[in-house]
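The same chain A turns up in both complexes below, where it pairs with chain B and then with chain C.
Right after this comes the complex of A and B.
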């Protein structure tokens, strides 16, 4: 790893000012479970001059309930989310998603802000510089996406805009189902972005002098049940091959509201709107849920090696809906 | 006599504390990264971005002037040393042959400076077409890796195994055999996921020149003396002193890290200071050692009663960009397949091919695992035709005392080992094989979308007595015992186990026995603990040395008793008259305070004792998601006599890791055949089992005495990975009723077999 400056900051304002001082040549570090790997492997052509450590900002570490819903400081760790007594009922999908990330050690270090802001796991993008040089690609600003003609078993099955990397975040899937918003602060002040818009086809909408400050989750009107499922090759450690978060409101066997989000199949978490619309007002039975599963993956455009992800996504949607509807 | 010996045993077969356990736990054990020499520099390797290219120009001038840089080497100024078999790999070459091949070497005051300097080297390459597939590589138009190996095919001779080393299995007349068969099946299976056995510690070597012809190397190795021999020949007959650190796992891959030694020694020569080359985990993944790629295409003829009449086929072996004794693995693989199948007629023709990817070198399983994992799925097509239970088949076929086989030296050997039928029978009983086996392609149970199935595999080698071991044992007058053996500790506890053998032989407390450091300047020749040979071959040499020392002790003490050595015995550091234990004299008084007794022992190769392992597995397959869960594993073996129960248990558990069982479900190196890059060179994307996902694991281990050495024991450590991969393939096939002819069975492959997703583009990573 190259040497760089490590600057502790104590307020959000100080963090923004420090990022400004380095004129875009500094990166934010919180838990560091992702960025340390990015730096050690020298994935990116530009190496930062400094890391701005925001772990030292005490005011960013909270999970609290307000009249409008639940607010989570960006430094809340994944372990804290997994165990929080406030994440009950519909919010349980977030606790479950957080609990499904990596290993206990990583959940103790990793934060919700970092889980949203982490870089993609595309193995072309992540190829270490020490083994013959990093691979440049569209996401890095220059070059083709090698996954299209290469080994794309873990890549997007819902297309991409020149880049077919999928979003690795587990919490993003739950947060989109929960209609959450991301509050970010930068040199132009503070803005709030719906989770859907936070992710871009080639990354996220965070600017270089910006950091995630808070996650806000509104109350959902209906009494809903939730389910989060994650498919991996191994139980611990792995990033999702497919994940699914589902929220369903039922009244006497009829679905009044459904939110279905797929993870690791697209550049960001993906809402399955067709399936959601189909379910609304339906008397729920196994046939209806099967159909919803098909609709959830309709429009998928798998690459040469990953059509299996479509089938797994379909199965997971049916299983998650079944869990919510009949549990 | 036998019963007396067994009853009297104090250490053998008993739980005793491992000698180095405390040091490891307290951080006192010296691994290669703990060795810091005064003035030591740090070496780094610049690696090729191309799978195949010529270096047109290379400019190191900017790197040379960076402060802290002490040596920069390119192909233009490296010594003319050659490794591989036959010798074909230099320190650096103008031609690079895989992504990650070494282009330049740098030694600097710190790792950071060395890394910075790598960025300052300007190289222009002329890219050449690359080839990754064995069949493609042998075609006429294929890119040629070495001018000396036309067609990209290596010669199969393995001189250090003897002048007639085994290069094929040809016995009888296969055409006659097929004619006499009731069924003849034909098929192809690939075991070419080139997994990385992945010991925890990446490889590392430190080199220092004590004089122009005198080199000392410290390395994390399984075989320090063998490394000395290899370097001596590869580096122009220089004197090499080879010292092993504690080795953080090897699984065969660190037997002889000559390439790292080349780099460190070449840099040290220029810098005139010690140089350390320590690979990163990424280099360990993509530029060190993979398992051989293997593909079997052939025919098996069988009679209705399950008798195999003929086996014929091509065995294609992918060695990657170089052969580091892959010929030895071909020889042993050809031997091992004969141990597991009894057939009057054979014709297996191996082809060893080089391709533009990281090299496949020595790995636990050593040829047999690679051949059998590809061959057994073809064999089982024949068993299915004849409706023969695979367990019954293996029990019938596995080599029995009196059966013969061609072994690696090309000679016909006859087994004088154990009849393993009893171990198989007891293993099957403990597993419940007869209840769980429902026939070929039949699940054991179906519960909604979950189907379970069972499989069984068998493997063994006759290498437990391979190669030479020598040892000295020194009895000190103070009653302590020192073993001189160039046996390094690579994680199995073997250094501790040989102390038990000596303590038992000399009847001294275990804590009085210790080993000299694994240093070739101190100890006699030792091939190393490979091929499960630690227990028999190394053990025999050390036991003989202890017995020799004991004889000298008794002879020297005899005058004190006015007796003959035959009437004397020794225990706890005293010599006494047999039958009159109270008439005793301490070693010191018996031989004098100024005398040590030095015994010598030597073991000569003996290929007449095959060992054996059988693995039973039960898997559950989710037919909706293609996920495979290994529910239960049971190993069955017979070890003659257990030396150390805990070490044995660790070896049995080893069937799960180190490119063993899990190569059937997810362990693989993902080679991108568009760029030549290995894409999963990290601990997340390379799928290996974690401790949180261990299946139910049982073992049946019998102890049937076998004529090896004093303790009648036979080693099984190395072989435990090998029976499992085809057993898992069999179990999954049975669970879902579909045959497979490739590894690993990732969910895409399973769902495709079930017709639930589109056919995946064939991954040509051969």
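Right after this comes the complex of A and C.
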């Protein structure tokens, strides 16, 4: 890893001002589990001039309940999330997603802001510079997406706009199901982005002088039940091959509201709207859930080597729905 | 750049380190694993993959197991760090009961993953004096051992728990 300037900041304003001073050539570091790897492997053609350490901002580390819902500071670690007494009931989906990330050590370091903002794990994108030079691709701004003709077993099965890398975040899947919003602060002030719009076909909509300040989750209907499932080759460490977050509100066996979100199958977390609409107002039984599983993956356009992910996604949706409906 | 010093408390000892580009200084790019091994010569901490996947480099910062290969040294200012060297009795050199149990159970072959494993179990036992097997497995889920010593590690942990219960 090359040396670079390192600045500790103590307030959000100071962080934004420092990012401005470096005119987009500084990167934010919090838990460091993702960015340290990016810097060590010199993935990006532009090496940053500075790191802005926001771990020193005490005011960003909280999980609190307010009248409008639950608010989480971007520095709350994943292990804090997975143990938080506030994340009960339907919010358990988020706690479950957090405790499924990587390993205990990484959960002690990694923050929810970083989990949302992390870079993709596409193996072409992540190819280290020290082993014969980094691989340039569309996402890095030069060349085609190598996954299209290459080995794409872990890539997007729901298409992409030129880049077929999938979104590795587990918490994003749960947060989209929970209808969460991301509060982002930059030089123009603060803006709030729904999780759906936070993700972008080639990354996320964070500008270089912005940082995630807070995650806001609204209250949901009382009877909502949730389930988060993640399929990986090894249970710890691995990123999801497919992850699924499901929230279902039931009234006397009839589904009144459903939210189904698929993760690691597209450039961002993906809502299965067709399946959600199909479930609404239906009396739930096994055949209805099977049909919902089929609808959830109905728009899939797998690449040459990853059609198996579609089958896993369908199975996980059915399992998660079954868990919510017959629990 | 202005002069900058950081203070680490490693195994109870205070280290004042200067941040800068000179050979004896801590660079901003140095990971905690590098500083521990190369600057402080505490080579008990091992670096396996250097990517945060294997868990060999695990140390305790403020009592929590973290990966020292993904932690920047400059960000550890004023932090209490425990490495494997910090477990033995500083006066007598006697091993920690946990280390002793690992020895008695033969819970390693090459021993490369062992410092990290012991520290993760140590952190677990500090917050949960009577963990069930699932807790131990969960705490150790971030450690890889290519010699398949995991069974013996579980054996070592149950040995230490049994001893503590007596």
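As a working rule, the second predicted complex is superposed on the first by the 326 of 327 C-alpha atoms of A that agree within 3 Å, B and C clash if a C-alpha of one lies under 4 Å from a C-alpha of the other, contacts with A are read in each partner's own complex, and residues count from 1 in each chain.
The criterion applied here is as follows: a contact is a pair of C-beta atoms (placed from the backbone, for glycine too) under 8 Å apart; a residue touches a chain by one contact, two chains touch by 3 or more.
The shown structure was predicted, so the numbers you read here are calculated from the model rather than taken from an experiment.
Once the two complexes are overlaid on the shared chain, A:312 sits against chain B while remaining clear of chain C.
When the shared chain is aligned, chain C comes close enough to touch A:55, but chain B does not. Once the two complexes are laid over each other on the shared chain, residue contacts for A:68 go to neither chain B nor chain C. Which of chain B and chain C touches more residues of chain A is settled by the count: it is B.
Judged by the touch definition given at the top, the superposed model places A:302 against chain B, while chain C stays out of reach.
Looking at the shared chain after the overlay, A:190 reaches neither chain B nor chain C. In the superposition on chain A, contact is made by A:132 with chain B only, not with chain C.
Legend: residue contacts after superposition of the two complexes on their common chain; A:146 is shown touching chain B, with no touch to chain C.
With both structures placed on the common chain, the touch criterion links A:106 to chain C but leaves chain B unconnected. With both structures placed on the common chain, the touch criterion links A:241 to chain B but leaves chain C unconnected. Overlaid on A, the two complexes show chain B and chain C touching the same residues of chain A, namely 1-3, 37, 235-237. Contacts from chain B toward chain A in the complex involve residues 47-50, 99-100, 112, 115-116, 280, 282-283, 286-287, 624-627, 666, 670, 672, 674-675, 677-682, 684-685, 687, 689-690, 692-693, 746-748, 751-752, 756-758, 760-761, 763. By the touch criterion stated above, chain A contacts chain B in their complex at residues 1-3, 37, 41, 121, 123-124, 126-128, 130-133, 135, 146, 149-151, 153, 231, 233-239, 241, 302, 304-308, 310-312, 315-316. Those residues of chain A that touch chain C in the complex are listed here as 1-6, 8, 29, 32-33, 36-37, 39-40, 51, 53, 55, 79, 102-106, 108-109, 235-237. For chain C in complex with chain A, the residues that touch the partner chain are 1, 19, 21, 27-29, 31, 50-53, 55, 58, 64-67, 70-72, 74-75, 120, 138-139, 141-142.
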